[in-house]
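Can you read through this structure? Questions will come right after.
Here the chain labels run A, B, C and D in written order, and each chain numbers its own residues starting at 1.
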Amino acid sequence: MSSLSIQIPGLNLRNPVMPASGCFGFGKEFSQLYDLSLLGAIMVKATTPEPRFGNPTPRVAETPGGMLNAIGLQNPGLEKVFIEELPWLEQFDVPIIANIAGSTEDDYVAVAEQLSQAPNVKALELNISCPNVKTGGIAFGTDPDLAKALTKKVKNVSEVPVYVKLSPNVSDIVKIARAVEEGGADGLTMINTLLGMRIDLTTGQPILANKTGGLSGPSIKPVAIRMIYEVSQQVSIPIIGMGGIQSAEDVVEFFLAGASAAAVGTQNFIDPFVCPKIIEELPEILQRLGADHISELTGRSWKKNERLAYHRP
Amino acid sequence: MIKQENCRVVSNTQIGDNIFELVLSGELTANMSEPGQFVHVKVSNGFDPLLRRPISIAAIEKENSTFTIIYRRQGRGTALLAEKSAGEEVDILGPLGNGFPVMEAAQGQTAILIGGGVGVPPMYELAKQLAQNGVSVISVIGFQTESAVFYEKELARFGEVYVATVDGSYGRKGFVTDILAGFDFQADIVFACGPTPMLRAIDTGNFAPKTYLSLEERMGCGIGACFACVCHTKEDPHGYTYKKVCSDGPVFKAGEVVI
Amino acid sequence: MSSLSIQIPGLNLRNPVMPASGCFGFGKEFSQLYDLSLLGAIMVKATTPEPRFGNPTPRVAETPGGMLNAIGLQNPGLEKVFIEELPWLEQFDVPIIANIAGSTEDDYVAVAEQLSQAPNVKALELNISCPNVKTGGIAFGTDPDLAKALTKKVKNVSEVPVYVKLSPNVSDIVKIARAVEEGGADGLTMINTLLGMRIDLTTGQPILANKTGGLSGPSIKPVAIRMIYEVSQQVSIPIIGMGGIQSAEDVVEFFLAGASAAAVGTQNFIDPFVCPKIIEELPEILQRLGADHISELTGRSWKKNERLAYHRP
Amino acid sequence: MIKQENCRVVSNTQIGDNIFELVLSGELTANMSEPGQFVHVKVSNGFDPLLRRPISIAAIEKENSTFTIIYRRQGRGTALLAEKSAGEEVDILGPLGNGFPVMEAAQGQTAILIGGGVGVPPMYELAKQLAQNGVSVISVIGFQTESAVFYEKELARFGEVYVATVDGSYGRKGFVTDILAGFDFQADIVFACGPTPMLRAIDTGNFAPKTYLSLEERMGCGIGACFACVCHTKEDPHGYTYKKVCSDGPVFKAGEVVI
């Protein structure tokens, strides 16, 4: 057994590193750069029932140590994803996590029902945290009751385990996490982007056409680590961590906080080879930290006894 | 093939007011073909700034594996780029996108190359390749003011060059379109790169039977994966069909996309 | 009238730039570097009824584009602040904004009542957003009803206008802002720090002794701008903006978003002369932007008509 | 007087495994007096990294307005510092804090200077000043391993030097305290700077009637305003009296604060 393989609901992964949804399209572009079968999994772009164009441009703006995006869930729609994008990905030996989105509960249910039937889709990622659409998205992610109810509905129709993607734009992330766990979620993915804005001095107007956007990149890493640290101690389902990961060291920090796998978003834009690089570098870091297997690291920052055991070998 | 490579700085020369010409050496030069393609430049090792900067390829020298980019020092990214000196390395991702279709201009035909400001650079490689193919090249380039003018002489190697400046301090006062309006002939093909208002004027297709435009948009990935840089198609201006400036473009046929 | 002078409740300021609470102590250290009378105002360190030592060290950790702190409201206590620190500051011609904190409503009331009587204290800043103390602090800042009730109580005893400092760690910042406005707040200050964490790879433990800390610095600027943009359109009391300000350009961005004054926190640590530098640079930027007075910029990003008027002079 | 100044790099030399000696030139040298003071170094122009780094002043040369700092390349900040070359500028805030009270050692007395790892640098200036005052200086310095040893020769200019390495690859195997334990005389005064466990051992006051220790703590401002670097006093170990390492220290009398 490799020191990197992990098992979490629905996902039997050769390694815990995967591109985050929306930062990798449906894999086509990156497949020209490296063999996608190297990846632990792929979180594909959010899919809604109908095709969406998304928001007007500019859709991205740079911030100190981060970026804002307001893509607005542009995607080719359920049908095309199901009959074109997902089958195309079957040529690679890599499990797909399908990110599902919508404006209404019915939207989510429709997408979940169909996508969970795709042979290479091994898990769903319920995106109740997109800050860049007017209806749905984050509305579900900030209200525990709505989040729980939606999780239940999606669980009812899904053929595969359901991970719920949490928004960091909440007063009490643990409350939402517990609610979706009660709703039957098999796992959590966190965090989605923080809501932010930049204003252009010359025009006096927000840089993004959508005005606000989602903040991602290294600047949000401390928020992600804190939330995963808090939530992982309060739920018993696994967490796929994300938010500012740039290196194998960052992946380890997410594990120590409580994550069981890790996703890389923004950094794919800066270094498109980042995922295979991290996968290559992880074993050496594990060795340095005296861990035989990466899963030993999950939650080590709060699992006091295990840590002590490690420090007194 | 898109490659990522730490390219070595051969030279980094100021050639105009805040305009720099950076010659880089790297193996990925071998993959460069079409003028109008661009590279995605990481100007620092850390996260300040975080994102890459898209810059057009201005000249390709396959023989010595070097290529040239020309950029305006504007914000933090290009300011840091301007500080690089010979021997240092710059992290380059490229070549990216689809450039100008050189083959659309046949031997003996006339091409007008229109460049505005930092839209001028890709015109150099384009002019070179067109001239090699026996196409008559006329360059029409526009700038803010005299001190911002660059590459007039370089373009003159391949054909006539007309210069406009907004303040009239050099060449003709006004915009490139004022020069074009004065031409008493029709070219076979027009290639343009520059600010959006300029492109909109040329997008009308008024200046030649065939027109190609290079667009700009704020980018994330630069390789087609993030959907930051999409534009609507003219056929379906309010629908959900789209083109990505980074990977479908940056060069489009006039009338293809909504500018 | 200078192009920088501003009037907001209780505060008649020669310029809108002031150090943020907790990043300037009670001014003594900085008084050795420059004349404090140059400042628009000074937001002094949080004061509690009794002296506090605060949290164990390490109390700070660096993050990408930011820093975490968990000072834990260390301060010499109400009495010493009232009879030593504030009188010492009277030698400077600069209004003081006293930051008041506590564990209970009574704590806040006691501190507010006394500090508002100090001759140089021209406004109070109600700190209901400190993430680094176990009781009080942020608890008041995430619950609209508690926040409103506390604001009322403090207003009742205060001799000077009361600004309430909002926490960004909430699902709906507008709701809290409206609540404290209803409670009688004369103004808002925002944002306090985002809750974050960093874990040391070698020890496997959080770097901060307190584990979590407050994230400040440039990395949080987009969140601050977004929140001020949202809140300023929904309340009619002025906002003192803060969060990642490093330059005069940043101050302008806060004004465009909706702020009426600006505070500089973390950057004082990196460049202790930042406040006077910004004050010096502002007039030139105003000129560049075609503004006769800085207050014209407040909310220009959403005050559509004013902006148009400006663009067609 | 604390000043902020862009100091020019005179030299930046590697003098040991990941150990660099950086000589800077700047007017703020004039304000430096006590050995054991430190400077707060901004290693980049932007926010990567954001905070300043505290580094002890190792040598002061008022005649030519230069001073020396010695640092271990450790994280991102010191790695960037190691890349600076002569002629470049480094943003320095300083001098900060209170150093070793040189005057506490009278002419003819014996002082033991104890340095562990990057606690060695301030001992150089201290040794120099003590020697100037006619104090006999004995330096005891400890390192991880042979390749990490530095400044043995430099300290030898002012008196005897004893070296310990943890792995025994150079000098005596073990810690500086092992060397101290072997001394058959009592010094009049001890000055120490190094890792906390070492300081704790010396804080006992066992090695001399007078003992001064230089502490380390994670810092924000470095000037006493942010309360990042406080420690309890020994008199009131659980109360709210405190000392700030940056502005009350970094040098404290043994027994003054809780280490």
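Here is the rule we go by: a residue touches a chain if its C-beta (ideal position, glycine included) is under 8 Å from a C-beta of that chain, and two chains touch if they have at least 3 such contacts.
None of the values given here were measured: they were computed from a predicted structure.
Under the contact definition, chain A and chain B share the contacting chains C, D.
When the C-beta contacts at C-D and at A-D are tallied, the pair with the greater total is C-D. With each centre defined as the average position of its C-alpha atoms, the distance from chain C to chain D rounds to 36 Å. Per-chain Cα centroids separate chain B from chain D by 55 Å.
Mean C-alpha positions place chain A and chain C at a centre distance of 34 Å. Chain centres here are Cα means. That of chain A falls 46 Å from that of chain D. Chain A has residues 63-66, 217-219 in contact with two or more other chains.
Multi-chain contact residues of chain D, defined as those touching 2 or more other chains: 47-48. Viewed as a contact network, the protein chains are fully connected, with every chain touching every other.
Within the complex formed with chain D, the residues of chain A that make contact are 64-65.
Those residues of chain B lying in contact with chain A across their complex are 1-2, 4, 42, 47-52, 93, 217-232, 239-240, 242, 247. Of all residues in chain C, only 63-66, 68, 142, 169-172, 194-199, 201-202, 204-206, 211-212, 215, 217-223, 225-226, 229, 244, 249, 252-253, 256-257, 285, 289, 297, 300-301, 307, 310 touch chain A in the complex they form. Within the complex formed with chain C, the chain B residues making contact are 47-48. On the side of chain C, the complex with chain D involves touching residues 22-25, 28-30, 32-33, 45, 51-54, 57-67, 69, 71, 74, 76-77, 217-219, 246, 266, 268-273.
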